[in-house]
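Next up, some structures in structure tokens.
Two complexes come next, and they have one chain in common, subunit A, joined by subunit B in the first and subunit C in the second.
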Partner chain A sequence: MAVAVSEVAVSRRPVWGKRARATINSLVAIILALLVGAIFISIAGASPLPAYRSLVSGSVGSEFAIGQTLIQAVPLLVIGLGLALAFRARVYNIGADGQFYLGALAAGAVAIGLPGTFGPLLIVISLIAGALAGGFWGWIVGFLRARWAVNVVISSLLLSYIATYIFTYVIRRPLRDSTASGLLGKGIPDAAQLPLVSGFGVHIGLFIALLLVPIVGYVMTRTPFGFRVRMLGMNPDAAQTTGVNSGRLIIVLMVISGGLAGLAGAIQLAGVADRLDPTLSNGYGFTAIVVALLGRLSATGVLLAALFLGALNAGGQAMSINDDVPYAVVLAIQGVFVIFLLVADRLARGR
Partner chain B sequence: MNWNEVIGSSALVPLFSSGVALAVPTATAAVGECFSERAGNLNLGVEGMMLSGAFAGFIGTYYTHSVAVGVLCGIGAGVLLGILMAGLSVWLKTEQVINGIALVLFAQGLTAFVYGKLFSTSSTPTISTPANLHIPLLADIPVIGPVLFKQNSLFYIAVAAMLGVIFVLYRTRFGLSVRATGEDPAAADAAAISVDRVRWIALLVGGATAGLGGAVLVVGQLGIIQTNVTAGAGWIAVALVIFGRWNPVYVILGAFLFGTTDALQLRIQAASGGVTSGFPYEFFQALPYLVTLAVMVAVAIGARRTAQPAALGAPFRKEVAG
Partner chain C sequence: MPDGRVSSAAANGSSAVIAMRAVTKRFGDLQALGDVDFDLRPGEIHALIGENGAGKTTLMNVLYGVVSRDAGTIEANGKQVDIRTPQDAIELGIGMVHQHFKLVSTLSVVENIVLGQGGHVLVRKRRLAGVAERISELGERYGLRVDPWAKVWHLSVGEQQRVEILRALYRGARVLILDEPTANLTPGEADGLLEKLKAMVRDGASIVFITHHLEEVLGSTDRITVLRAGQNVGTLVPADTSTGELARMMVGRAVSLGGRSRDVAALGVEVAAAADRPAAQAAPTAGSQAVLTVERLRVFSDRGELALDGLELSVAAGEIVGVAGVEGNGQAELEETLFGLRKTAGGRVLLDGVDVTDEAPAGLLARGVGLIPSDRYRRGLVGQLTVAENLLCDRIDKAPVGSRLRLRRKAILARGADLIERYSIPASGPAQLAGTLSGGTAQRVVLARTLSRELRLLIAAQPTRGLDVGAMESVWEQLEAARRRGLAVLLISTDLDEVLALADRCLVVYGGRVIAQWARAQLNRDAIGLAMGGAQPGGRGGDGTDAGLEAVTGAG
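Moving on, here comes the complex of A and B:
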């Protein structure tokens, strides 16, 4: 019913801009998904209201909680920006999780392998190594697509599995922490760790992520490159006719989105995990797809969506501890989001 | 590392036998995906459908101790997601690539939740998988007998489903409508075929086979459940359709290649001695994905012209006069 009302309101009133409409649809999808989430929570045997209360207090209720939300939001934001850019051209990279792991692996290998004498430069070098590794993994996908029209969605996902096996091998053998009882990779030296911002317990990777927002936003909306990206997404034939080299553009987009995913992995390693941990990702590469779509493929939208889903991740952890609701309810809510978002968008535009 | 255990002469028959068994869940989903793609639906939600089928199948069998109930639950879950997919792709006509990705995320979230709710606290839940049959006479043929005729009942159900789908696609009037709809929906429409109806049904068939594939994997083979138990098998099914060039027979052959690679890596992993081994068995674990990708690339390089249904992924909007 809510959808039907907004349909009338939105389609009959051209005063409302496209952006406002998209925002309203995002909000409608969020509200509906949270309602469905309440049903899931009831099924799990908890009461929705107290559970949502701990979700809120666990995500924004204290300095610590806000810090947790920001920590969760950083990888989502960094990956989400790259995906949003690529998705604009309908280059659907869904292998960001593997690119993330390879980025972390390269950053870790560099940080462990280089002598500590590099000082703060070590951080910079390892972050660059991470971005390069993720970018290389993305490049493979782009190259295969540009050269032989190999499907991006499938090849990026298959390569993602391959990347995680490479990661698992390296932390099981050459870079294993032999003192740990479980399967854990080596820790990185202190010099390679990102310093914390005082107060919220957040690492400075947050500022790298925030700095990327205006940069990616500018590239998307104010540059010829961003224009070509959009044109490729809207009409590949027209883009080709007007001289857009679509193959090269796809490669560049895969390198950028893979590179940002790799950078996110390197930041996560240097700022949060401090060691090559097999559970480094927490599914960020996939949640970032939700972030990009919920954020309407715009840089500010991605920022808001990353904060929101970061809060959901952080609050979900609090909820699973306080109210005995499985953490996976967060994943279920995310899944429902995307479906509702598609439906809300479509109904608002008229079928 | 004893390679004789892996590919020695006495190991080959068990290798192919488990290769065929491992191929079947993916093959079933891939044949169904082939069917929906031939109708023009690009269904990238196969992984989600298989995963849901696997969970529903496991839960059905876990609580009723009946394999048949499990299989029906698996098919049912696949069909439900097929309805969702058709609602998005055929009715709402939203972008099909996004629909598929959304469906996978949806199913992954939902099944992770179900797992957390039902099984996370108990010790690893198991069900007993059906025993292998021994088909009279045929099972005694050397090599082919043990490979093809000493599998369990779900294997044959899956094979029957695949043959049924192939039969419908090539030997029935409806199959002709499916192929026409995928190649030229406007012409099909002019011939009084309801394009949207055909695509709806094709997606339900695709959902049912993917759900069956997931159920066969878990109820017929693994006997255990875990989050993301399908581990990308649904994506491989989509890749198989591409490298089988939309011909279900080639798709099945491709699945066999994938299954054998999978069987090979499992053996290598077992023979290498586990986590303490110096042998990099992870590279062999990655092999099924790598082989799938490599063959997909090889087919793409070799293809002179595309075999892809012309209207694949394009929603059909009927032109209405006035």
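Moving on, here comes the complex of A and C:
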């Protein structure tokens, strides 16, 4: 969590020289990461060049591959936006994975429980239910912090485990799909599933995610609320002294970031999984932390970082299927990429 | 400086212990030092004065090897030397006591003194015992007594300073640099320190003394060098100058402090004269309604000790009440509690008769309470935001600069520029980042933000700490103006001169309660100094209430 919240002043313009340096640094970082990754792949007994070819073709090589990248990017983007907002105030919610699962669970329960007569409204209702559930889980963390100064990092992480186990319990007992051979929850009705966009095979959750980018960006940089959030992150003492109610603000931020994580879970359920699946998340709640930090806590930055990590996810899956690279190695390579990029970013900013 | 008394540095070069020639230092675009000559003669106390940012500390940091010079030479005892690190300086017998002490608070005094002396992986108890003996010896000789085995965090500010000086002496310093050594001491402690320095000088040491207090400079130094904007504007002998002239040299123009149009010469020197204020500005008539009333306030400090223990005070409209006292007697907790930043453990706070105990800062702001916080960088400003944003952050959602859902960037800049002009803030513009402001300018921003609100009560905590004479003048004028506008002003300050210059009534806090108070006409520097020490100068831990203070008289 040591990556500092970026300092964004209302009136500053980016300096070109700095930006050019940042780009060069990023390119060097990617090349270095590819080299280190090649070593990993060789050790695992595969050959690096074909593996990297799969990485590229599996993420941007075809319409299908691009679709896979976008599908991977949607949950990262939705969660990452909420985390970026909270991280600006140094409210380090790292329990998004649990909030994601709880959102999916609430959305699924509503979709399965309500009669099919609601039609397309069922989608809206279940998405709202998901956001509310995630938001409630975040609220608990914020309330504990505001009332008894309980550390947000610790309580959000521990509550995340509780949420995950609640999800597992529900699909084991009340909402178990008894016809499935493994451990799976019930499927949601067709009416609650998100329609697909023609062409790329992506669900319309993509548009919800893209719509959130300018909204969150506006809130962060152009509203008094966003101003107070930034102030709280930059100097909590000064914020409090000039009238910011820090306790209330922390609660609101936890509700928003939890709510967006819950919404992401509901979207993932309705758009990709179609049933309460224990592997629904694929670690999105944790990868989204990286997305938020890599995106320098700005809305457009989060968009780019989500696309990048989405591509790594999609390409990495292709790599492990086509080239016999173990998935653990794929994850290690992703980690190498992120570390090199974070270091490059840090160096470009110069300390 | 076209002044006949200014000595030519070169002429005295041969007899100097330290001779710095044409020292130049730049920090980016800022010229911190430009061709500065400075020399220190054997056995003298040499004062170095100047405004904030004039380069006093930078010059001495160059001498001590903390800052590298861009050009210029340094001679020690007539030989050219190259000082690159503090280690080099220490080997040449130069010691420095920084303004902010460099001590490890969880270690003992002896451990702090041997710390950083290389060559020993393990610190042996026996070796420490030898060091402790030597420290006691040195302490005895110069009246710098301190328990060598005490942990530093148990020590008072004055005692920690003694440890710093002892460390320099222990390492064999013959040249001692003291950066604002009297800033946090009571008047009594400061006088004591000056006596001790004189004893060291008699033993052959040479001392450079950086300070803001012009009075000290005239009273106890042999020569005075004034820096302004990185230039040496003159070296003088105290007998030939005055506080007025020194202030003019520092600022580059004539200075008058306070709305009472007193000359800077009176800065703490002629306190008695301040009592004869024009009748029109006299303290409010008896019986006027108290704006702020504090009853039996009890508050715990961060360490869990009772920091305020039954404190009582009241402030009426149109009155400045000064709270004097040595740092650490509850001032910080009083400031925080009155602004809702710290919870009370007992007692009440009334604003215009309404109970506002434990109300949050937002609510107090809405009720017309303003705070000039003692730590202006931590509580007063957000360094990464612009000056305009800092000026308006408490009203950012109100017209004209914003609404609930929108910030108007242009309006923020325009309104910020407006306030910058109205309050004469020497910032480069509304878009300058607050973190790049000098101390005086930063404080002007805080004052402008606070005073441009509708206020009933202004709490000013250490409002001029670390500020130069020019900035101090502006702050004092604004506090005076606030009083004239009918605000109730509570001035919490460890700077006794400031309290004496401004306050209509003066309270002294000691051990978390008010142990003495005086009306303006009865202000007496010695009595206040005595009370600040708990009426037992040098005594610690005594109970202030039974200290036999004769001056405790309700007044006003």
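In the analysis below, the second predicted complex is superposed on the first by the 296 of 351 C-alpha atoms of A that agree within 3 Å, B and C clash if a C-alpha of one lies under 4 Å from a C-alpha of the other, contacts with A are read in each partner's own complex, and residues count from 1 in each chain.
Keep in mind that, in the parts below, a contact is a pair of C-beta atoms (placed from the backbone, for glycine too) under 8 Å apart; a residue touches a chain by one contact, two chains touch by 3 or more.
Everything quoted here is computed from the prediction, not taken from an experiment.
Looking at the shared chain after the overlay, A:Ala84 reaches neither subunit B nor subunit C. Contact with subunit C, but none with subunit B, is seen for A:Ala239 once the two complexes are overlaid on the shared chain.
Residue contacts after overlaying the shared chain place A:Met231 against subunit C, while subunit B stays out of touching range. Applying the stated contact rule after C-alpha superposition, one finds that A:Leu127 touches neither subunit B nor subunit C. After overlaying the two complexes on the shared chain, residue contacts for A:Ala192 are found with neither subunit B nor subunit C. Contacts of A:Ala107 after superposition: neither subunit B nor subunit C is touched.
Looking at the shared chain after the overlay, A:Arg222 reaches subunit C, while subunit B stays out of its contact range.
Once chain A of one complex is fitted onto chain A of the other, the partner contacts of A:Ala44 are limited to subunit B, with no touch recorded for subunit C.
Chain contact summary for the complex, subunit B toward subunit A: residues 44, 84, 88, 91-94, 97-103, 105-110, 112-113, 115-117, 120, 227, 231-232, 235-236, 238-239, 242, 275, 278, 280, 282-283, 285-286, 289-290, 292-293, 296-297, 300-301.
Residue ranges of subunit C in contact with subunit A, taken from their complex: 339, 341, 360-362, 365, 371, 373, 375, 378-386, 388-389, 393-394, 396-397, 402-407, 409, 412-413, 431, 433, 449. Here subunit A touches subunit C in the complex through residues 7, 9-12, 222-224, 227-228, 230-231, 234-235, 237-245, going by the rule given at the top. Of all residues in subunit A, only 40, 43-44, 90, 92, 94, 144, 148-151, 153-155, 157-159, 161-162, 165-166, 168-169, 172-173, 183, 286, 289-290, 293, 326-336, 338-339, 342-343, 345-347, 351 touch subunit B in the complex they form.
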